[in-house]
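Chain IDs A, B, C and D follow the sequence of writing; residue 1 opens each chain.
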Amino acid sequence: MKTNSQKYKWYKIVFEHDTKAGRLFDEILLGLILMSVAVVMLDSIQQINNSFGRLLLTLEWTFTILFTIEYLIRIFLTPRKSKYIFSFYGIIDFLSIIPTYLSLIFAGTQFLIIIRVIRLLRVFRILRLVRFTMASVYLIHALKHSREKIIVFLGTVLLIVTIMGALMYIVEGPESGFDSIPRSIYWAIVTITTVGYGDISPVTVTGQFIASLLMITGYAIIAVPTGIITAEMSREKAKNQGTRVCLKCSNTDIDTDADFCKKCGAKINQGKQ
Amino acid sequence: MKTNSQKYKWYKIVFEHDTKAGRLFDEILLGLILMSVAVVMLDSIQQINNSFGRLLLTLEWTFTILFTIEYLIRIFLTPRKSKYIFSFYGIIDFLSIIPTYLSLIFAGTQFLIIIRVIRLLRVFRILRLVRFTMASVYLIHALKHSREKIIVFLGTVLLIVTIMGALMYIVEGPESGFDSIPRSIYWAIVTITTVGYGDISPVTVTGQFIASLLMITGYAIIAVPTGIITAEMSREKAKNQGTRVCLKCSNTDIDTDADFCKKCGAKINQGKQ
Amino acid sequence: MKTNSQKYKWYKIVFEHDTKAGRLFDEILLGLILMSVAVVMLDSIQQINNSFGRLLLTLEWTFTILFTIEYLIRIFLTPRKSKYIFSFYGIIDFLSIIPTYLSLIFAGTQFLIIIRVIRLLRVFRILRLVRFTMASVYLIHALKHSREKIIVFLGTVLLIVTIMGALMYIVEGPESGFDSIPRSIYWAIVTITTVGYGDISPVTVTGQFIASLLMITGYAIIAVPTGIITAEMSREKAKNQGTRVCLKCSNTDIDTDADFCKKCGAKINQGKQ
Amino acid sequence: MKTNSQKYKWYKIVFEHDTKAGRLFDEILLGLILMSVAVVMLDSIQQINNSFGRLLLTLEWTFTILFTIEYLIRIFLTPRKSKYIFSFYGIIDFLSIIPTYLSLIFAGTQFLIIIRVIRLLRVFRILRLVRFTMASVYLIHALKHSREKIIVFLGTVLLIVTIMGALMYIVEGPESGFDSIPRSIYWAIVTITTVGYGDISPVTVTGQFIASLLMITGYAIIAVPTGIITAEMSREKAKNQGTRVCLKCSNTDIDTDADFCKKCGAKINQGKQ
């Protein structure tokens, strides 16, 4: 694909974000996605569905057709078609338009509602736009570097809730809502994370004592992931002063004289933190 | 306005905080605001309203007249009148006195209660006094520098609650209270923030499993804003040792030999952290 | 008082903690206090009170007499009697023995329960023992240095809950439990601190939207006190490496060649962090 | 035991984790443990027990026999048999197989459920596998070094909930669920940890005011353990760059030229953080 061709210009507008037109395209698309999600939401409210059902259906079809056109344009413009189609966003783009068409063939409200909601995954596109700001690159890096510790932490939490859940199943029994080990584990998660719905809560003295231990555990160990992330971020902050980041693949290993990313070949602009 | 005139002396007392008389004026005003808010609060309690309604009405009118006098004095003293009137605090000062006068013209208790509460915004004045301590300048700076990362974080949280809310709407359905996507999103926010009212809570096994995932997500990602703010504060602390801050506009870019702020022209005193 | 006299030896045992005998005395006393609190607790449970009421009453009188003896010994041993009697722990020591004697004169269960509980303040003595470990000195220092920022933070939280509470009183009204501004503020505190009892919860769409905002606010700003304390602790940690602390008055301004505290004259041992 | 013997090879597979075969053995065992726990969980759900009770019983016996074989192999292979049998995991291994055999002799479902759940402790084996990653060594170290401060913190929290619980017992009384001091303390723990079930919640104005104070306390002091852990982790991170850790006993005091651990004699590989 020649870099001066008309197709390349459009490719840059639709797929990239560093030109004025490309940014405008993204903003309009983001607006349309948000509006289409709003329509799905409003449609789920019974009173609104009863009054404005017809209008919402029309809007839904309008958005579906617009997104279909966008999807076809993306396939037409991209040089390596199969790569786009089977990429994460390619699949979401496809899944977000297919339910409305399917609703023509298959009747039955229950099924329709399910496929309609898949379209909500379109919101992930917002994430795609957001991903390219330095701030999110920075956050994702801190999370990535702490991955191992976070897994160890979550594993320990899962172990605690499993044992405590099983224990409470024995201690409290089905009368207070602890009617199976999985449900007791659900209760333990509700408690250790300090959510505390109160749909299931201990009534015996022993149960309330064990619950108290679990609560204090949850209250104290929240410090652990916070400590992990904070230590990582402080380090990242100290290290990353003035480094450059590839906005395409998030690679931070960029030589000071580099103009293109070593890993994906994207042009590199001086990043601002 | 001459700096030696009587009017300028009063201007300093009413609008500024660096003289003894000015501080006294602020403290008296703060006391009056707190008392007037207390009257509004007590008035909202049915039993107290029944017994002391007359006394509270008298007090309300007393405060309204005092604040009206204060408002008129401020307009009289300030050299650029329109600037004060249309400033944030000018508008609040006006809105805080108008409801009581309006209650003379428009009857109907429900309506009165609504306008009375606007007066509570007067409490923001407390913030104005507080704003000038170094501690709050320090906190606001840390928040400002982390703004981008906090927006990315909140965006991600909103995305998660939208998708999870929609998913739970499908999984649980109207029987367990998930009767529309917006209401399910409300539930997801209640859950991810670990508030957990329990007014809506999942009853199916699948619903409880998804809820558990959401709780653990909420429990783990609370570490992210904490990490952001902490890293920023540690950096701020290291950097700000011995720097000076303009108490008028919070500008911290002040040369060591400066006597006046570069941005707003206010006199600068050596700030103590 | 001569430092070699018998009385001084006993004074050191009863009031100080740096001898073996003194530590043993404190440990026995701590054990007695915990047991007496346990008796008060068990006595409050209706079933236990019915079955073991007599035994618990005997134990209560035993503890009261032991603590009375301890109180009289303390008065006898201390050189400046009035200083001890009117000190914080002197008053608590007195208040913790008086209710049982008063119960002989004044009958009426309700009144008795109230005065019994005052005795629980004796638990603060545990704090007195704990206070002398380096760990708590370190924690108290970090809290003291962050005092101003914590006040600003709490002030902002109070302002938010007042305004949000008043707003919810208007929006939701008495039907959903928001029947006065103070109660609505109570709800706002339950929500912003992520406690979420669910005794009062919004039912209207507007109310649930405002509640969502308040929850996310609470979820995000928890980062602020954490950031304050963490930054302070990191700094404290870096600074305090190898410093010495007076175990009597918590003074940390101790010269490297000092053997006694400048402020209270207590002997200084090399503190270990 | 000769290091080239067949028995030693098997010993390394069963007890150690640094060979390919040893890791495979651990992974298969972990899989079996998780499946056996899943069987216990499913068995506790009434509907599943009714339909698949026979299948679950067969699976339970299969797992029990497999774990019995594993236990006997471990005893056979280990050179110091009594050391293994009375070690923490040796006891758990034994306890995890005995309940199923006991169920043949002793009938009565209630008793059976209790002993079945002990088997869940087998999940701790997962921890044993995880323990050998650097990430958990790092976390455990940070927790160990902060032990004292965490104890002081938890002690203060316990003191606060005891006094507040007793206070609420007086203020609210049995009508609102505060029917004994231990139950009021349970409520105080539910509140200070921000769990907030709502099974017990204050109804009087005084009670709600005290509860508000407790909530704000809980909300603010969560910063303390977080600060402790974070400060420790930041320090640990700075210090531990490039240090080596014994994967057997977690000892970090290893000389740069050491090939074996000073404390347990295990071979040391260069650890990667």
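Observations
Throughout what follows, contacts are C-beta pairs under 8 Å (C-beta built on N, C-alpha and C of every residue); 3 or more make two chains touch, one makes a residue touch a chain.
What you are looking at is a predicted structure, and each value in this text was computed from that prediction instead of being measured.
The equivalent interface to A-B, defined as the listed pair sharing over half of its contact pairs by residue number with it, is A-D out of A-C, B-D or A-D. Taking CA atoms, the transformation carrying subunit A onto subunit D includes a rotation by 90°, reported to the nearest 5.
At the interface between subunit C and subunit D, under half of the residue numbers involved are used by both copies, so each side presents largely different positions. Each chain gets a centre from the mean of its Cα atoms; the one farthest from the centre of subunit C is A. If each chain is reduced to the centroid of its CA atoms, subunit B and subunit C end up 31 Å from each other. Inter-chain centre distance (subunit A to subunit C, centres taken as mean C-alpha positions): 44 Å.
In subunit B, the residues touching two or more other chains are 153, 182, 185, 194-198, 218, 222, 226, 228, 230, 234.
Interface residues of subunit C facing subunit A in the complex, by the touch rule stated above, are 194-198, 226, 230. Of all residues in subunit D, only 148-149, 151-153, 155-156, 159, 162-163, 166-167, 169-170, 179-182, 185, 191, 194-198, 201, 205, 208-209, 211-212, 215-216, 218-220, 222-224, 226-228, 230-231, 234-235 touch subunit C in the complex they form.
Considering their complex, residues 37, 40-41, 44-46, 113-114, 117, 120-121, 123-124, 126-127, 130, 133-136, 138-139, 142-143, 150, 153-154, 157, 182-183, 185-186, 189-190, 192-199, 218, 222, 225-226, 228-230, 232-234, 236-237 of subunit D touch subunit A.
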